[in-house]
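Below, each structure is written out as structure tokens.
In the two assemblies presented below, chain A is common to both, partnered first by chain B and then by chain C.
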Partner chain A sequence: MHKYLTKRALHSFLSLAGLLVLVFFLARLTGDPGNLYLPIDATLEARQEFTEKHGLNDPIYVQFGRYVVDLAHGDLGESIRKQRPAIDVVLEAIPVTLSLAAVAMIIALLSSIVIGSLAAYRPGGVFDRVASIASLAGASAPDFWVAISAILLFSVTLGWLPTSGMGGPLTWIMPIAILIIRPFGLLVQVVRGSMITVLSSAYVKTARAKGVRERAVIFIHALRNAMLPVITVAGDQAAGIANGAVIVETIFGWPGIGKLMIDSIIQRDFAVIQTSILVTAIVILSINIAVDIAYAILDPRIRHK
Partner chain B sequence: MKYLASCLLGTALAISAITPAMAAGKTVTVVLSEEPDVIDPCEATRSNVGRIVKQNIVETLIEVDPKDGSIKPRLATAWKQTDKLTWQFTLREGVKFHDGSDFNAATAVIAINRNLNPTQDCEIRLKFFGNIKVSPKAIGDYTLEVKTDTTQPILPALMSVMVMSGPKMQPTKGSRQPVGTGPYEFVSWNPGQDVVLKRFDGYWGAKPEAEGARYIWRSESAVRAAMIKANEADIAPNIALQDATDKALDFSYFNSETSRLRIDMSQPPLDDIRVRKAMNYAIDLDALRGSIFSEGVMPMTQIVVPSINGHNPSLKPWPYDPAKARALLAEAKADGVKVDTEILMRGRLNMYPNATEAMEAMHAMLSDVGFNVKLKMVEVASWVESYTRPFAEDRGPVLQQGQHDNNSGDAVFSVYFKYACEGPQSTTCDKQVDDGIAAASAATGDERRKLWQEVMRRLHEDIVPDVQMFHMVGFSRINARLDFTPSISMNSELQIAQVKFK
Partner chain C sequence: MRFSIRASGINKMVNQTPVTPVLPPSPRRGMHLLGLLWGDKFAFFSAVFLIVIIVFAVIGPSLLGDTATKLNLRARNFPPFTLERGWMYILGADALGRSMIARLIVASQNTMAIAASAVLFSMLVGGTLGLISGFSRGWVGGFIMRIADVIMSFPSLLIAVVILYMFEPSVMNLVFVLGITRMPIYMRTARAEVLEIRERLFVSAAHVMGASTTRIIVRHITPLILPTLTTIATLDFAFVMLGESALSFLGIGIQPPEITWGLMVAQGRNYLQSAWWLAFLPGLFIMCSTLSLNLLSGWVRIALDPVQRWRLEIAGDGHE
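So, the complex of A and B:
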């Protein structure tokens, strides 16, 4: 296991290095940040000064060399827009997105396991049909529309919840609910499908024949094996949210990494683009490693390979 | 099931028992469209920075009256031109900065030099003083002398953007703790969360009613509008047309923006005035108004709005006359002008609400009278590259969507940039216009106004460098608990001291 993790970490490091090179060059293909940053009435001389000052006149390989040397010294550059180290800007944003992702995924995972398992218990039954319709509707709902409608209903009309903002427990309800909708819908379907297969397998029948209680059959014997595909999909969904819950962050005014990344791309703030992608990539690679560990815990065959 | 029902009921009761944070007390909550990148006074001309700092934290020597564009005293009580290149300002006495320093001619010099520091990218310098060398000097405790390298008859108007920051502020841009003499002092900036100001007890002027201000930001216009309705915020300075649905709370006002299509007159067939006139006759502005554009927009006749010095009120908008447009095109064609050449309409995505729809509608109108036009919508960076010099040699005939903002009081801030032969965004060149710009820029008073008005007439009637569209309106939503009406200046400032409570 230890050897496996070391190998996995090494692979991740190589992917990361490749990603950084790609992002560096792709970002610069978008053009000169001065055209966006300086007022439209700025003189040509002012534009040239700006380009010069930020080293954007140098050949791209010189800029890349400088970036690599700075990176080796732990310097990720300064945000042109915010006039602050890019890493400070990114480290302010990433906890916001990670806390949203963590809470949303825990709730989505737990609730979908319970509902998916119960739906699989009697396929075609009333509970199954209701759960399937609700989860499919959830998986297909446009979250932008749901979010704005929820604000109009719960904040403007009923006055129960704050429209937006980050603060007390009430401010978490709508963003988390919107974030959960899609992973929940998808996970219920995966849990249900996986459980139906597992519940019809021989070892479950054996357990029932031995007189094991039905609740234990579902949640202890069957669920563990049914979890492998669920973990894969959940990992994928978690990585998606960690990569930026852009719509939720934008609508509810949560200053997370998704919005920061999009803004920095639009504004050509290269240092922030590079740093936010670097930090997000580290988070996603960590999630992937965590998924691998979860596999090993759930499935002894993987653990002993 | 019973258990589930009681859980749901319990949750609903718990939620309704705790009400969300409300706009209350005498603190004004302003919801902006985005978080400012810095809160540095030298960036006060950027909308979301200006709405926080300008005339709230930092004040200017002179202020522009949004009603008529005239100038009035603020930190300077009087001013006079002592020679062609020199102006003298008498400064207000007894004014203190928030950190306790005295405001006087020496600190004013420090503030001006900070704003115009050539090593910094401050917008005040880049936007308004790019071509002017300014040398400020204290010639008495409260007498400031400002010399310029070229004649600047409107230096007092230019001083309406020159904010007076505290002398102890860091000399470089990027400050996150602005200090000024304004009625409100900076308290905190929680990145991603809010900026908080409180009333400054040592303010030289009248004590404002609002005790403080809190600035928050939401990118979605629908959310900003909902926040006012839900009583979570007091002022949303700009909301989209489709969200301005509540007549009691929403105010429309001329926001000093003027929208047009810039005609690249250097490229055939756009170098023929009949072609340019035909384009203006082809556009049905009445059909656009109240559908794609707000009902309140005003057809433009020139690049500046009526409250700006130099606006010519005698000019009439182009009427919609497709028959005349076709006739002009036929006449040009008969004279050998290649009117069938493909003309590119380059628009900018989200330049204003419904920007794409506006371009599509005008594309259809121009096609209808016989133009061979092709529409291309591009993102902002690509748009900027083709909007400013240097222009590409092989650009071909282009109509470029543009929108220009001038709320600074005088036409000089518009006309040189847009229409002079060397203007950074000009695709026209006419000696008479250039001479007019030079003469008007050097004149003062009535003579100046008349000279600008003649330039406007020449452009409108004899040159036709634009497909003219509208002077635009903005929408603000104001909480019913406030007594406050937004004005043209809302694009660059929002004076909390002017906010009253009902």
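So, the complex of A and C:
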């Protein structure tokens, strides 16, 4: 198990390095930030001074070498847009997204486990039909459209919720609800499918024959084995929820990492793009490794290998 | 453990019910399947809806002529569901008085064409890379799988944003980006299948008879993995459509004056207070199309699986 985890960590590190190299060169292909930050009639000297100051007039491989050396020293560069260290800008935005994603994921996971299990209890029953269609609709819905329709209904027409911004509890309702929809839809289907398989297995019949209460059979005996595929999909949704965060933060104007990345790409703020991608990738890769550990905890066969 | 395939939920669903080779279609079998489809009302209406959308997308724009771009300032923000201005305005008009129904039909063609090309692109390129990766024993295979890891470990929307800022956002680049972000599924599936198939007897036999590696891959292995890849592609179509809509909505997908449903939602967003239908209707069409695709592909998966088909047959009898 340790050997496997070490291998996974090494692979993750390689992926991360590849991603950073790719982003470094891609970002520099998007154009010269000088054109964005200096007035259109800036003198040639002013332009040169700007590129000199931000180290943009060296050959690209020199810039890359400097980036790697700085990275090794823990220096992630300075944001051109905000005139502050990039890492500070990113670390301010990360908690916003993480709290959004964490709350959304916990609610999505818990509710989909309960609803998926109940649907699997009588496949083809009324509850199952309703849950299946609802989850399929959730997985098929374009989140930006749901967000706009929700604003239309709850903010513009009814006036119950604020249209955008981050603040009191009321402002959290719509972003969280939008973020939940897709993972919830996918997870209900996975829980249901995996529960149906497990509930028809022999050991569940044995437990029932022994007279174990039905609730205990479903939520203790069956659920533990049914959780394996669920955890895989939930881990995959970590990257998916980051996609959702970009949309939700853009529409509702939340100062999270998704909005920061879109803004920095538009403004060609290289240091912030690289740093936010580095931090996001580290978070996602750690979640992947955490999923592997959760596997080992749930399945003794893997633990003892 | 999770060494082999760890893609999206869709991929897992595919793996849970292995796709069986489709039997050669006979008229009776076709009628039987149609009967089963009629039995499952959700799947039936999905199929009808999709056929209508596809017909409109293919022939609609050529019948409409310039209706979708014709301005009519007296019909600005004309509300939907009244026949005061005739059938062309049944779904209302936008801020420049262009007929919504005409614009929706033109947009449907772009939406479908982009999604179809992106799916085809990712299936061909991803499948080929997976084949190579499964067949080469050296570092090439591992390297290709690392590429898949990099693509998958990062939010697809952000990869797309970075790439679309590097190049100009055009239809070609949009297809390219959407294709790349969906590629890992095909790479992993193709590789996993090749690793299993190449150990089979008939491959060794072909080898012994002197067939070249290229010939073995093209003539003996590709036909066997193609059905699986095609199934994944149909499932993926809905996801690619959602991806394109999201990118167009963010303003980095298709650019005006071209339109897709996603872009129409973005354009209608500015008129939420005065003309709700501008943003709501295009999104509704995206939703109905992806939902129908998912419902229908779920049905096809069961209908083509001999182990599960009895569920449909029983349900079908119940309705008759």
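Criterion: the second predicted complex is superposed on the first by the 284 of 305 C-alpha atoms of A that agree within 3 Å, B and C clash if a C-alpha of one lies under 4 Å from a C-alpha of the other, contacts with A are read in each partner's own complex, and residues count from 1 in each chain.
Please note the rule applied: a residue touches a chain if its C-beta (ideal position, glycine included) is under 8 Å from a C-beta of that chain, and two chains touch if they have at least 3 such contacts.
Because the structure is a prediction, the values reported are computed rather than measured.
Student: Thinking of the overlay built on chain A, is A:L170 touched by chain B (first), by chain C (second), by both, or by neither?
Tutor: first
Student: For A:G159, decide between first (touching chain B), second (touching chain C), both and neither.
Tutor: Touch status of A:G159: first partner only.
Student: Quick check on the superposed pair: does A:R213 touch chain B, chain C, both, or neither? Answer first, second, both or neither.
Tutor: After superposition on chain A, A:R213 lies in contact with neither partner.
Student: Please indicate which partner A:K7 is in contact with in the superposed arrangement: first for chain B, second for chain C, both, or neither.
Tutor: Neither partner.
Student: If we overlay the two complexes on their shared chain A, which of chain B and chain C does A:R122 touch? Say first, second, both or neither.
Tutor: neither
Student: Which holds for A:I151: it touches chain B only (first), chain C only (second), both, or neither?
Tutor: After superposition on chain A, A:I151 lies in contact with both partners, chain B and chain C.
Student: State whether A:T250 touches chain B only (first), chain C only (second), both chains, or neither.
Tutor: A:T250 contacts both chain B and chain C.
Student: Return first, second, both or neither, reflecting whether A:Y295 touches chain B, chain C, both chains, or no partner chain.
Tutor: The answer is second: A:Y295 touches chain C but not chain B.
Student: Once the structures are superposed on A, label A:K205 by its partner contacts, choosing first (chain B), second (chain C), both or neither.
Tutor: Neither chain B nor chain C is touched by A:K205.
Student: Which residues form the common part of the chain A surface touched by chain B and by chain C?
Tutor: 30, 148, 151-152, 156, 250, 266
Student: So in the complex, the part of chain B that touches chain A is made up of which residues?
Tutor: Those residues of chain B that touch chain A are 12, 15-16, 18-21, 35, 37-38, 45, 121, 123, 126-127, 130-131, 173-174, 191-193, 216-220, 222-223, 226-227, 229-230, 232, 379-382, 384-385, 387-390, 417, 424-425.
Student: Can you tell me which positions in chain C touch chain A when the two form their complex?
Tutor: Listed in rising order, the residues of chain C that touch chain A are 1-2, 6-9, 12-13, 16, 42, 146-147, 149-150, 152-158, 161-163, 165-166, 238, 242, 245-246, 249-250, 262, 265, 269, 272-273, 276, 279-280, 282-284, 286-287, 290-291, 293-295, 298, 311, 315.
Student: Please output the residues of chain A touching chain C within their complex, sorted ascending.
Tutor: Touching chain C from chain A are residues 4, 11-12, 14-15, 18-19, 22-23, 26-27, 29-30, 124, 133, 136-137, 139-146, 148-149, 151-152, 156, 186-187, 189-190, 193, 229, 232-233, 236, 239-240, 242-243, 246-247, 250, 258, 261-262, 265-266, 273, 277, 280-281, 284-285, 288, 292, 295, 302, 305.
Student: Hey, which residues of chain A end up touching chain B in the complex?
Tutor: The touching residues are 30-31, 35-46, 50, 53, 79, 81-84, 89, 92-93, 96, 148, 151-152, 155-156, 159-167, 170-171, 173, 250-255, 259, 266, 268.
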